[in-house]
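Just below is one structure, and these are the notes that go with it.
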Amino acid sequence: MSAQSINDLLFEAATLLMVGMGFVFVFLTILIAAVNLLKAFCERFPGQEPQAPTRASSKAARPAQANEDKNIVAAITAAVHAHRQANR
Amino acid sequence: MEQLAILWDSTALAHFELGQVIMMAVGALLLYLAIVRGFEPLLLFPIGFGAILTNIPLAGFTDPGGLLYYIYEVGIHSGVFPLLIFMGVGAMTDFGALIANPKMLLLGAAAQFGIFATLFGAIALNFIPGFDFTLKDASAIAIIGGADGPTAIFLASRLSPDLLGAIAVAAYSYMALVPIIQPPIMKALTTPEERKIEMAQLRHVSKKEKTLFPLGVLLLTILFLPSATPLVGMFCFGNLMKECGVVDRLSKTAQNELINIVTIFLGLAVGSKLSADKFLTVETLGILGLGAVAFGIGTAAGVLMAKLMSRLTGGSINPLIGAAGVSAVPMAARVVNKVGLEANQHNFLLMHAMGPNVAGVLGSAVAAGVLLALVG
Amino acid sequence: MEQLAILWDSTALAHFELGQVIMMAVGALLLYLAIVRGFEPLLLFPIGFGAILTNIPLAGFTDPGGLLYYIYEVGIHSGVFPLLIFMGVGAMTDFGALIANPKMLLLGAAAQFGIFATLFGAIALNFIPGFDFTLKDASAIAIIGGADGPTAIFLASRLSPDLLGAIAVAAYSYMALVPIIQPPIMKALTTPEERKIEMAQLRHVSKKEKTLFPLGVLLLTILFLPSATPLVGMFCFGNLMKECGVVDRLSKTAQNELINIVTIFLGLAVGSKLSADKFLTVETLGILGLGAVAFGIGTAAGVLMAKLMSRLTGGSINPLIGAAGVSAVPMAARVVNKVGLEANQHNFLLMHAMGPNVAGVLGSAVAAGVLLALVG
Amino acid sequence: MSAQSINDLLFEAATLLMVGMGFVFVFLTILIAAVNLLKAFCERFPGQEPQAPTRASSKAARPAQANEDKNIVAAITAAVHAHRQANR
Amino acid sequence: MEQLAILWDSTALAHFELGQVIMMAVGALLLYLAIVRGFEPLLLFPIGFGAILTNIPLAGFTDPGGLLYYIYEVGIHSGVFPLLIFMGVGAMTDFGALIANPKMLLLGAAAQFGIFATLFGAIALNFIPGFDFTLKDASAIAIIGGADGPTAIFLASRLSPDLLGAIAVAAYSYMALVPIIQPPIMKALTTPEERKIEMAQLRHVSKKEKTLFPLGVLLLTILFLPSATPLVGMFCFGNLMKECGVVDRLSKTAQNELINIVTIFLGLAVGSKLSADKFLTVETLGILGLGAVAFGIGTAAGVLMAKLMSRLTGGSINPLIGAAGVSAVPMAARVVNKVGLEANQHNFLLMHAMGPNVAGVLGSAVAAGVLLALVG
Amino acid sequence: MSAQSINDLLFEAATLLMVGMGFVFVFLTILIAAVNLLKAFCERFPGQEPQAPTRASSKAARPAQANEDKNIVAAITAAVHAHRQANR
């Protein structure tokens, strides 16, 4: 590759560097604003939340159960395994 | 005994080429790193094994009709596998810490400097004889600095499939090396006092905010960067599945069986790109070098940005958390926590570092979209 | 800064068409219905998200090489996904209530009147300028009255792929609306006395009967309606897997991970058919209208048939259970139970309604087979 | 579309309506007969059932192990408890 | 009522051919064997059901565009499904018993005599008019003697796809019949005294040995028999996943959901090869006969080899365990245990038989590689 | 097929029989040697095992929860016992 064409590429790369970083910053800054709007919105209209919380709490309950379930399943698995071993 | 002659001719012994032997050693090295050193085993294990299979003479794994040929064409040439992985990762990601403190997005932005600076560096490497990177190649290499595996594989499959193997291996290797690469840079750029800063506890984030967040991210991506919507869209799809709470059975499958199945195949298919003719080149050395640089620059940029923000906010931010902006979830956040604890035994930065950490995932997906739009 | 111009040109802002904006709003509406209203979320969620992704300008999700293009071609154009869903549904269905009281099959037959009457109505719509339904289109639309998602998607993919999006959305939306559509019709066609009728408890059904039942259904379908064997065959395959008791690990996978994976992809692929040019037509309005009519007629026909059977059997059958004949498992059976309880606090019709409910699934699969044989 | 061709289509649709509903009723009526035959068959030849019941009962026994039997529940509770203790 | 005529013409009744009826009966027989007799139900169940579906007139399951057509082409024509099954089986196999007593590999070698002797027999059958087996056909048939389903399907799909249905059915049927076929041969070739021999307890095998073992097997296969690396490679991949301990989530998915999904499809696809024109031939009778001979010879060769080793080692080896060398894991090992217990109530051979049993899997994969190299 | 060509095939089959069995035996014999080498290697270099053991032991710890802990074993024994009682 000729030095000339590399220099051209380097110039393009430098432009990409500036445009790219600029765009990333602008984009994520807009996203910051969006999240702040989102927070304001959710504080202003928690009216629909009664539905969400019930779902949320029932969900929160589920993982908790799930953990317990996992322990229980583990225990049962072990028991069944031991039982099968014993049966062979 | 003509049969014996045929049988001998059909052993590999008569057909091994040096490149294949070396590549099988590379595959074995990846297996070693995965199994013994615990380096990103979920990916490096199948990649290493795939590399070994690919380089077996006469076995034809990557010839049309071979197993790895099919897996690569169906899953990576099409771009489907990295997107499904991204969906699963989305379904495993909790944006709570980021929503509670959205300024952290700036750290996720700053750390992408590693990507774009590396792009420049890759082009500059062309001055060295033997290197011949196009802008597409350079972009695909630079994305290693995003510290995000599926993003790197997706972008490489679009821009520079021949380099995919080296890029994926570099990306996952450096992600595994984060605990070694980052701490010296973090310490060099911060004072002990800064490292001791404790941060205020994060506010509670409601389910509603978490549910609306992926939709907001998707909306902005649609408006400003459609070329990033395959990555960001599938990520937000997975995240919304998780947060909305009405499709739990789909979300659980996406986070477990589906992502596991795709991971096995993705790894093997990436490994199938580790053939001697594509990997044993000076370009691979360049890629490995550039990848290390990219991680370093990204880390430094994140820490410096955090330092700036710390100054501007009167010291309420610990600059260490900037290092988590490269993504490498959750390894980078854990490293931040560890370095923070070394400076101050009561300084638990893990949750605070999760914000920039997931912001880094979004940041590198956005950077990938910019590269696709401008270079692809 | 030419790059900036390219970047601006590559934002969606410069390329949005009104139709795409409207279709993204439709996608958002489906997400709202799924998440907030709980309408058939397992399908409407991915369909809605798929609709949003499909309509992003420049993103190319449905262009050859795009993610949704591949998923649609592999899964729906081929007809494979709805059949796998049907296999999984078969593995989740318990025919015990139907075997105990096989007369309920007549209710599953009567409710299919909604399908064939709608077929007639769809053709009649052609008198209105702007409508131009062929017999194939009309048949694909009419199957909405079968109140069964995979059957509707399968038939639409065979007879009228361009209408598939609208048909699938209508089918799942009305299935979610069953608690609103059905009760007024049920009450209008029955007297309070009829609604109070309690039914005799169902006999025990042996494992052997349950195991032989899907084989019997398959045999009859093979003999009399081979065109229905893809649907009925996969359904019976799933059901036999479940009942035979010797392949539990396959049956469990079919009911869980496999059906979940396919559901995610099926939903996204259906969503990919919600593009502006195919959905924003007067025909879609016609389809939505006809769908509502189909559900109403099907419900009415089921109830009237049950009323007739009630008279003929001296009042041992509660006419409400006829409404479950449309299928929409298990929603319609639950609605029957609820309306029954309103009339008589001790009247638990759930198990009795499960008979016509699963009969409705068979009935609409048979109707789909008839349409494939005569129109396809 | 001309009114004539729509009328032709309507005639076809009407035929489909009759033939289709007729077929659906005939088919499901035959299925009723088949289910009744099935019942009669299973009542007449329960001789092969000894095998099926054992399978069925062993299957039914599986949930029973975990849910219904008091001894098992007690044992599992103990196992889970011990497991938690061990994990702390 | 022209429609009625069309409908009648579209029933199967007007189109059944005798061959199809017979093949559906064969499918029903396989279902019976799977469900009531418990013969290898995980495979014979979907194979039997697939056979029924395949032979439905007018249904077009195996025509281009039909469900079974797609599944066969994607999964078996490509060779992908048997290799994925082999990966899953690898992830379920414990080589501990074999590593503890590597001499058992000789038994796994000896039992492959069943394969090569049958190859000779299949060619000899050509003297009977009506038989016309090429060397490829004969090799595909002979692999039945390997007593390993995925190996047989893989080799048949490479060498003789038209015979695949009969070969797979024979392989799985005889594997299910192992408890009937083997004991008489085992008893005929051993003395009661020999059957009573108790064997020394196996030494403990470290995790490290188990982890390095699949790598060693792979290395030898690469060096000496690359044509066997698809089978052996995927098997070792699965086994290493299991033993290395760092990719447990992948290993569990490979052993459960993934292998279940593939098993369902593999079975249906094999069933799709049970069409009248390919199965109802004198060749199928020949295949069934040769398969029985192959199992018998393999068992005998294994027992005789064990007998020889018993003599040479001064009676420390019970010759019965040679029968397990045919593979058919774990059925053959259980049969050995049972016959051993009959001779001596304190003689538990199960663990000792697991060594030759898994050695037999490797042995038949090696034999398949030899046949691919020399005949394929 | 002519008797001549069958004879040719038979000859090929016989060669395959010998070459194939020979190769299988040679290959698996080499594998025996390899396993013995493996054993020697693992006995000679257990030095790298400290790492493996930690992993192994942390892995082993998982079954250990179920298998080794006396409380758990007791509980499982009880469970299996109860299960058998229930099944009789």
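Read from first to last, the chains carry the letters A, B, C, D, E and F; within each, the first residue is number 1.
Assume a residue touches a chain if its C-beta (ideal position, glycine included) is under 8 Å from a C-beta of that chain, and two chains touch if they have at least 3 such contacts.
A quick map from chain label to UniProt name: A, D, F = Probable oxaloacetate decarboxylase gamma chain; B, C, E = Oxaloacetate decarboxylase beta chain.
These numbers come from a predicted model, not from an experiment.
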Chain pair with more C-beta contacts, E-F versus B-F: E-F
Of all other chains, the one whose Cα centre sits farthest from subunit C: F
Centroid-based (C-alpha) most distant chain relative to subunit B: D
Approximate Å spacing (C-alpha centroids) for the pair subunit A, subunit C: 32
Whole-Å gap separating subunit B and subunit C, where each centre is the average of the chain's CA atoms: 41
Rounded Å distance, subunit A centre to subunit E centre (Cα mean): 44
Shared interface positions of subunit D, touching two or more other chains: 16, 19, 23, 48, 65, 75-76, 79, 83
Per-residue multi-chain contacts in subunit C, two or more chains: 3, 7, 211, 224-225, 245-246, 257, 370, 374
Parts of subunit C lying in touch with subunit D, wherever the complex brings them together: 98-99, 102-103, 105-106, 108-110, 112-113, 115-117, 119-120, 122-124, 126-127, 132, 135, 138-139, 206-209, 211-213, 216-217, 220, 224-225, 245-246, 359, 362-363, 366-367, 370-371, 374-375
Of all residues in subunit F, those that touch subunit B in their complex: 15-16, 19, 23, 48, 51-52, 55
Of all residues in subunit B, those that touch subunit C in their complex: 78-80, 83, 211, 215, 218, 222-227, 229-230, 233-234, 237, 240-241, 244-247, 249-250, 252-254, 257-258, 370, 373-374
Partner subunit F, residues of subunit B touching it in the complex: 1, 3-4, 7, 36, 38
Subunit C contact footprint on subunit D (complex, rising order): 1, 3, 6, 9-10, 12-14, 16-17, 19-21, 23-25, 27-32, 34-36, 38-39, 41-42, 46, 48-49, 52-53, 55-56, 59
